[in-house]
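Labels run A, B and C following the written order; every chain starts at residue 1.
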């Protein structure tokens, strides 16, 4: 049962070393959030600033998001999924491999705040965490202990890449095992009628505000101009039309195909709690079954959409 | 300014009367599903923290059709834009929180002032009576008092309701409110001292003691040029969550959409966090990076609006952006950094 | 539904299917007139958003056709396109777009007969699906008294 403080200390130590040795000019990690149940991305540039870095059960945002386009040397505090995204950034030429130093943190999963508030609906003013197994939330006259296993994010519950194997160093013992996403719900959905599927996805995005937080939190979405922001021609209307919203989600799903590492940053960022990953999971399933490809697991694999086989199976093409 | 009381057993009749002849909108649902909705009078509840989204969409919908034209040249007004009207209808909003009401009063000065009147906003607000519900149990991210408001704030409201044991106390603030409350059969009562006591307790419960006053006294350009903005903006994702949830963010984008039958001009919420918000036709963008965009948002809330609106801050302390920001950019911390800006030598 | 004439947007590669359509025309092969052709330099140029845009604006069907694998004018354009089609086909079907509305085919510029047969087949399939009511933008509500 690793103590969070132990990991925090190791992260700080590694960060200081990375800065001192010149491996990095900046360390991107997490600091304590200003409200309960959160952390904030933090950029440490001095040894003193490294003391603000923490490890937490709420380190949900994928910090690889801050890598694309960076020119200086950078160290990244990364969970398994984040490290895969960082490798993806290197593969896609968004950052030089030599400029990247990954401080890998074996991760037992991050907490979904919505599940916490479902278990403890009273206003929470403080969350205490000492280990990576449980948290205690406190508020006006109550103190409730919650097991992390009960409130894991969906993507964390089915993670099989908890240890960032390609990291330059690990700050804790490896965590392995777990049951992979079997896509049972997606497969069941595909067994339903066209009308039911359409209804399911339209209902899924009915609250979407098109704030694009999912896109902006996503380490894959680094296009200088996103297709939703293009004006000549304008592909997407700016109104609340449901089909414009649908098109955004479909195209984002398509753009992330073969690149998504299931880090869950999109769902974490969504302010109206849309299960954005459903679109990505449909694509993940397709990519895995067609090309057996999983992104971010080696430095030299080519993303499936940058290559082809002359015998790619596509029976539907007449 | 008269106080009234509605006894617990008379509440059902009171809400029935509020709803007679008009829509009654109250917060419904819990957590992220809590929103203003048309509520049957017997289902009104006082048990909620606040609506997930701010109530601004009531007067300023995310998409609002302003005018339209049709393509039938033989019929009257072919190809001519015509106003689609204000879409207002008689409405009572009960249970809006004082922070959000204050947000409406701030936006009101943008949409109705001595230079412009926005007919679409005016049409709706003129037909709406706002009865607020004071906060006796502020949530952890509330800081209205620190921003110059109060859990018992009156700005933007026609009447303020508050819980008085099991009964409902009321204080009328405008003629519109007085007429409504009187007609609903509330009994006059002297509750001024009681309100003062409750308000003091509620402010105490918020516990935010920060003083943002120095921002008001600092020079605009000093605040603008301060180097902290680079660090403040460094982890911003430039999503628009803060602006979409903010009760005072009112920027919009005018868009035309057309089909073979005709066209519609509409306005949609826009966000200053977006690159597209300021990009010019030439391709030049005066706010090219997230640093400028983040600075704009906080300067607008904490300096530009106060300068234009007699010192009233553009942040009402509702705490939505603090709770919703995916990377925990907390306006309270940013405001504190702004107070520490070094004034340039005179 | 028998008198329903679908609108189909067709994206043809300049080097093959577009030529096949031309050859079918000069050969006096008759085929249904339900599709509007957009000429592309290569199916590799086809951005998936073109297809979505066509549906969104009310097309009842979309037909994409290019060179046979191995015959691309640009060596590999259609191989890359094929991978995109695999994903797009699966994605649209998964969210409930009838796969009969969306046709991909390989037709060389010599295959006028295949073009004719395919054109008939595409139109028949889309006709059987009926008008596209689910995957399109809502009709603009003008809200004007004159045209109510």
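Keep this in mind: contacts are C-beta pairs under 8 Å (C-beta built on N, C-alpha and C of every residue); 3 or more make two chains touch, one makes a residue touch a chain.
It should be emphasised that the depicted structure is a prediction, and the values quoted were computed from it without experimental measurement.
Set side by side, the interfaces B-C and A-C show unequal numbers of C-beta pairs in contact, with more at A-C.
Taking the mean of all protein C-alpha atoms as the reference point, the chain centroid lying nearest to it belongs to A. Centroid to centroid, with C-alpha atoms defining each point, subunit A and subunit B lie 32 Å apart. Separating the CA-averaged centres of subunit B and subunit C is a span of 47 Å. Here the CA centre of subunit A is 36 Å from the CA centre of subunit C. For subunit B, the set of residues that touch two or more other chains comprises 257. Within subunit A, contacts with two or more other chains are made by residues 237, 241.
Partner subunit A is touched in their complex by these residues of subunit C: 48-49, 52-53, 56, 69-70, 76, 79-80, 82-92, 94-99, 103-106, 118, 121, 134-138. Those residues of subunit A that touch subunit C in the shared complex are 186, 189-190, 194-201, 227, 235, 237, 241-244, 246-247, 250-251, 253-254, 257, 279, 282-283, 286-287, 290, 304-305, 308, 310, 312, 314, 316-318. Per the touch definition, subunit B reaches subunit A in the complex via residues 30-32, 49, 52, 62-63, 137, 139-141, 231, 234-235, 237-241, 244-245, 253, 255, 257, 266, 268, 270-271, 274-276, 322-324, 326-330, 332-333.
Residue ranges of subunit B in contact with subunit C, taken from their complex: 65, 68-70, 72, 75-77, 82, 84, 257-259, 261-264. By the touch criterion stated above, subunit A contacts subunit B in their complex at residues 33-36, 38-43, 61, 65-66, 114, 117, 121, 123-125, 139-140, 209, 211-213, 215-217, 225, 229, 231, 237-241, 265, 268-269, 271-273.
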